[in-house]
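I've put the structures underneath this note.
Both of the next two complexes hold subunit A, though its partner changes from subunit B to subunit C.
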Partner chain A sequence: MAMNRKPRLAFLIAAHVLLIVVVAVVLYPVMLVCKKAFEPGRDFALSASPIPTDVTLDHFHDLFDKRGGHGELLFLRHAFNSIIVALATTVFGVAISCTAAYALSRFRFPGRKAGLTTFLVVQMFPATLLLLPLYVILNKIGLLNSITGLVLVYSTTAIPFCVWTLKGYFDSLPRELEEAARIDGASTWMIFRRIMLPLARPGLAVTALFSFMTAWNEFIMADTFMTDESKYTLPVLINSSVGAFSADYGLFAAGAVITSVPVMIAFYVLQKYLVGGLTAGAVKG
Partner chain B sequence: MSEVQLTGIRKVYDGVSRPVIPDLDLTVPAGQMAVLVGPSGCGKSTTLRMVAGLEEPTAGTISIGGRDVTQLPPAERDIAMVFQSYALYPHMTVFENMAFGLRIQHRPEAEIRRRVMAAAESLGLEAYLERRPKALSGGQRQRVAIGRAVVREPKVFLFDEPLSNLDAKLRGDMRREIARIHRQSKTTSMYVTHDQIEAMTLADLIVVLKDGVIQQLGTPVDIYERPANRFVAGFFGTPSMNFLAADLMHAGERTSARGKGFEIPLVTRAALRPASAATAKLMIGIRPERLSLTPLGDDVAVSGEVAMREVLGAEIVLHVDSPAGSLTVRTDAASPARLGDTVKVWLDPMAVHLFDGTTELRLS
Partner chain C sequence: MSTADLLRRQLRDFAAAAVIAVLFASCAFVAGRNSDLAEHQLGLASRSVDQLIAGGEALPTVTGALVAPATPSVAHPYLRHRQLRTPSGWRDLQPSEKWMYDAVTRFDREGAFTELVPDGTGRAIAVRAAEETTAIAITSPTTPAPYPFLVMIGVLGLGLALTAAGSLVGGRAANLGALAGIAALAVPTALWHAWIATTAIALVAAGVTLAQHARLTDRLSDGLVRHRTALGFLMPAMIAMFVLVAAPFLIGIVLGFYDHSHNTWTFVGLANFGEILSGGGKQLDDPLNFWFILGVTVLWTLANVILHVTIGVALALVLSRTWLRGKGIFRMLLILPWAIPNYITALMWHGMFQGEYGAMNSILHHAGLSGVSWFSSWATAFSANVITNTWLGFPFMMVVALGALESIPKELYEAASVDGASAWQRFRHITLPHLRPALGPAVALGSIWTFNMFNVIYLVSGGAPGGSTNILVTDAFHWAFERGERYGMAAAEATIIFLILLLWTVFGNRVVKSKDADA
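Right after this comes the complex of A and B.
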């Protein structure tokens, strides 16, 4: 026992030191941003300490008071845009994904395999690669600089992931349930809506959160496609506070903190589904 | 009450050349319980699923109550099915599970409540109506699954190995429950199992299947007492029937079966028609309970050594190595035979089953 214990203890200490370093690497930048959000001054302080020496809410006041060319409150306007874009992307993306995933999981039809492979391949392209073609397409159909256009673009990027995740989830649900429902007299739509969809809730939670986050956090496309200041989303607004000639890091940090709050709340509420949802299919439960 | 009739049913799965069911004709008379029994992969579940409408036959017709339902979806066949895995809707309560089918039929709420309550009462489920399936034991879940079938009051009940997931004691209880429900409702039923005890105790009619072909169709007593071939004879009965190879011998008026170390007179067996008179190979079948260690009347003896002794409580099972092959003997627990003893096993010539040694079909 004694022989065994020493190496184990050393191993445990080493493992924990490593874990602490990793956690620090992950959390430190976030803590610096939080520190800046509550610290007076426009510039990042030179101090490496993540604890602010002085606390102020000025940056948040400035953020909320920032006004556009017509005197409108920019933050509220952009927060509203972000919420609309993120919710619409979630609803649209999940609605399309869950029906597609169910069909791909349960029915056999020509083009099924090709479709699934295409979804996977599309995922492999970096989003920036699609910027130019998407810009051209949106311009052609007159959806440039519009919330609808942005929702459409976000949905197309979120849907392949959602379809694959949900298909995996539907695959793990026993077929007998559908057969029992068919014998009970349920139509395919009824089986989908009243049996499969309620059972796929954890999978839906994961995909909904993913769609929401994709739309909520996205910056490059929103910055490229939205030319009118009144149609910016929050990431674009936050970025605009740090320009080439003047930078207000306090404003930037306050914006970043505020923007993270809805995603954190969503994570907190949905966390019990998240673990179950992501591991579903690995072990049939 | 509705008769179920399968005519010329053939089932071939895509990409598999050999049919699961080559050509099957079967009639389940109205109000009877037909038990389809056979080893894994014999096509019994496939047959049931075709009656349910969950699988489409490659050829042939299925009719229920004289109506051709071959092309109809399950919902329009007026059947209810109980699955091995229960297949209860996990997100619904017991009440909702049982009411689901009636809700889809848009029955009035009062009628739904009345029918579900009646089924719940008969199955002892009243206390669990508000529970979800995951809060129930295996036996209770299967009761709910049966209840869900019963409330629909269908023309035909289909059971797909409903008791296979239960432990031995519960299986016995549920078997009696199903028998009671069938006795009361007199609904035509088809029941798939690989358990011969379920088949023997529940069936009005047993259908023994092998490789998609009906080996024998008859009452439990028929199947046990007059098995149509060696497969059926070996499938029913625990322990299995003993089989001994023998030659058909004629000596004047006397006919006998002679094997290694024994000769059984077949005087009373008229009209023996082996497939080929030239070879005249026989297969003698005798059930372990018809072998004895003490002689009775005209018994014939085979000597052998006790190779294994299994104590079952009220009785013991001896495995005796004899020149004719291994013999299984079911005998009294008081039997003095011990491991390694040389014993004489006595068999009653009237109790043997005769099969053709080549075709394995029953003779006489």
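Right after this comes the complex of A and C.
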């Protein structure tokens, strides 16, 4: 099975058929959700066919028109909450992390290796392990059911993630500019602020987008910490639309399509960075 | 060392130690002040009730009364009246005295109680049975004592003076002066009977003296000065990590030693860990037994990682063929599950597995098979979880494997072909050795992710039937939020999960490293 030699026809066909079958398995559930989003009715997949028999925009209409206790439009409210939480987490995470990432990339000091390992381990271990203590602490200081509290909770994963990815990006930048600037008498802070940070813009953008997506997609913390319907984020709304007592899969599908399409586009644009970052971190650590 | 240098060094060490000591003392003061105040208020309420029962009056700052048993209202029999005894006889309760009515009602339900009113005013209430009536007393609101700034400034000045005096004398007196100066900060805590803080400060004093002796403080301070730029750059992230990760983590460990019920925490030592590790007295095949859940978790992790790696590597091998048509499109479509937020994937599959009308059963019907009630038996519910997570997780392994395969130089295969190596030999001796370094970390990472794949378990099977498909993280969540807020048990289980993951990481690293050494 040398890579360049043309194999037997049967093998060639088998390979394509295998891929097509797997692609079908991958696409089928997604198509079911898309079908449900445009098909009337609350139940999920009465027929196994992924082609809708009847097309309607009712579910999207219902979703936008869902109102809370004070008559506010819930979907817009939750979308707004999601955007605010994800944006705040991103800005906070990147701002706090960028100097540390630069220091870990450029300076040599005792404890550097330990620091790197700590950030890696914290990033690998799931935030759900901290769910209970965070819940107890937020409850104690009155930040339960508040956007600020949720941003702080998301930062526990965002900061180590940002430190690691940004450190990797700084590592890839050449050192000559810094050395030249240092000879010209620039301070470390000036070098960082005026040279490295502008140079690192692409890395900052990618890191920021990934932390935004992580916060945007987070479900269980938001579901646990936000008790007031007006404070929900989109994942909580989507989950509650298929709750135990009144499952409306039409509403779920419409919400799922609207919520995931933006992050899916972002994912496809960024995926080449993701794989590199994840394995580079793991290999080097 | 000149006197000026010595003085500077001693004052520097004193300042560092004083910051820590003041922190300890302040914590001790706040804790001691609050418990003293509570004790005092509870005592006042309790003694007032005693006096009321004995036929006397409540203490001066305490409001107390005897309340008669409830009697049905004449006009509205479903309403109940209570009467209050005053020196001039019985009178009806005023609307402003509703708290008395509520307290006595609670007494009828739960029996006597003495506690702080949970409204932050510092009032204490005591309710006890008196002859034919109920005695009730509540203290006046109170504010805690102010922070003793003067005392703290005084002892700090005393410590500073002792340290400086010691340094000016020089020699051994310098160390003694610093020791005495720091120890002086323990005087107020000793006066407050805060023995833990007193011991801690004494230990700090002894530690600083010993460190000075070993020249550790000099080296530490030199290091801090030399690396001050790095320290400055690291500081924001370090503080954030300490506050947001380290502190909750440590608090989580500590909470594991407490039991939480009815909003009160009781120290129970290792009881939670004991209850978890002994299986809570349940049979080994009981879904709530820790060892059963651990077994399910390990099985779950193994099944998923094996499926992810097998499917991922197989697809990557096919995708890496140069003769393949539409490779870019296939790759793009195959990573679709990775792009979808995983809670949506989980909810979507949950819907597809739904009993009567789910897509999975429709497909089974089309194939001429009978439908399955997916979430009513362990095997099918577990399979539903595994199917969902396999669908969700194989793209990651596929992409990692594809990256590794594409980095293999083509010449290697050509050379091997020329040498007459069979397809299997080329796979075994070229492909596999190149896959391993990339797949090792990916498997380590993937196994940790799967071990804690909360969303899939929680949203697909939800642990059904009867919690038997729970994994450790979802079980811990159930302890906290679905079994009467047993926070202590949840915290203890999270600590155990952490230890397992730590062992796995250390052990996994060993395996990867020894494999590398072989290669």
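Please note the rule applied: the second predicted complex is superposed on the first by the 233 of 285 C-alpha atoms of A that agree within 3 Å, B and C clash if a C-alpha of one lies under 4 Å from a C-alpha of the other, contacts with A are read in each partner's own complex, and residues count from 1 in each chain.
Definition applied: a residue touches a chain if its C-beta (ideal position, glycine included) is under 8 Å from a C-beta of that chain, and two chains touch if they have at least 3 such contacts.
Note that the structure is predicted; figures quoted are calculated from it, not measured.
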item: Subunit B versus subunit C as contact partner of A:A114, first or second or both or neither; value: neither
item: Residue contacts with subunit A in the superposition, subunit B compared against subunit C; value: C
item: Subunit B versus subunit C as contact partner of A:V122, first or second or both or neither; value: second
item: Touched partner set for A:Y268, first subunit B, second subunit C, both or neither; value: second
item: Partner chain in contact with A:F219 - subunit B first, subunit C second, else both or neither; value: second
item: Footprint of subunit C on subunit A - complex, ascending; value: 1-7, 12, 15-16, 18-19, 22-23, 25-27, 29-30, 32-33, 43-48, 95-97, 99-104, 107, 109-110, 115, 118-119, 121-122, 124-126, 128-137, 152, 155-156, 159-160, 163, 188, 192, 216-217, 219-220, 224, 235, 238-239, 242, 247, 249, 252, 256, 259-260, 263-264, 267-268, 271, 275, 278-279, 282-283
item: Touch list for subunit B against partner subunit A, complex; value: 52-54, 73-75, 79-81, 83, 85, 87-91, 100-101, 104-105, 148, 152
item: Contacting residues of subunit A [partner subunit B, same complex]; value: 174, 176-177, 179-186, 190, 195, 198-199
item: Complex contacts: residues of subunit C adjacent to subunit A; value: 223, 227, 229-234, 236-238, 240-241, 244-245, 247-249, 251-252, 255, 311, 315, 318-325, 330, 332-345, 347-352, 354, 357-359, 362-363, 365-366, 391, 399-400, 403, 410, 413-414, 417, 423, 426-427, 437-438, 441-442, 444-445, 448-449, 452, 454-455, 458-459, 473, 476-477, 480-481, 487, 490-491, 494, 497-498, 501, 505
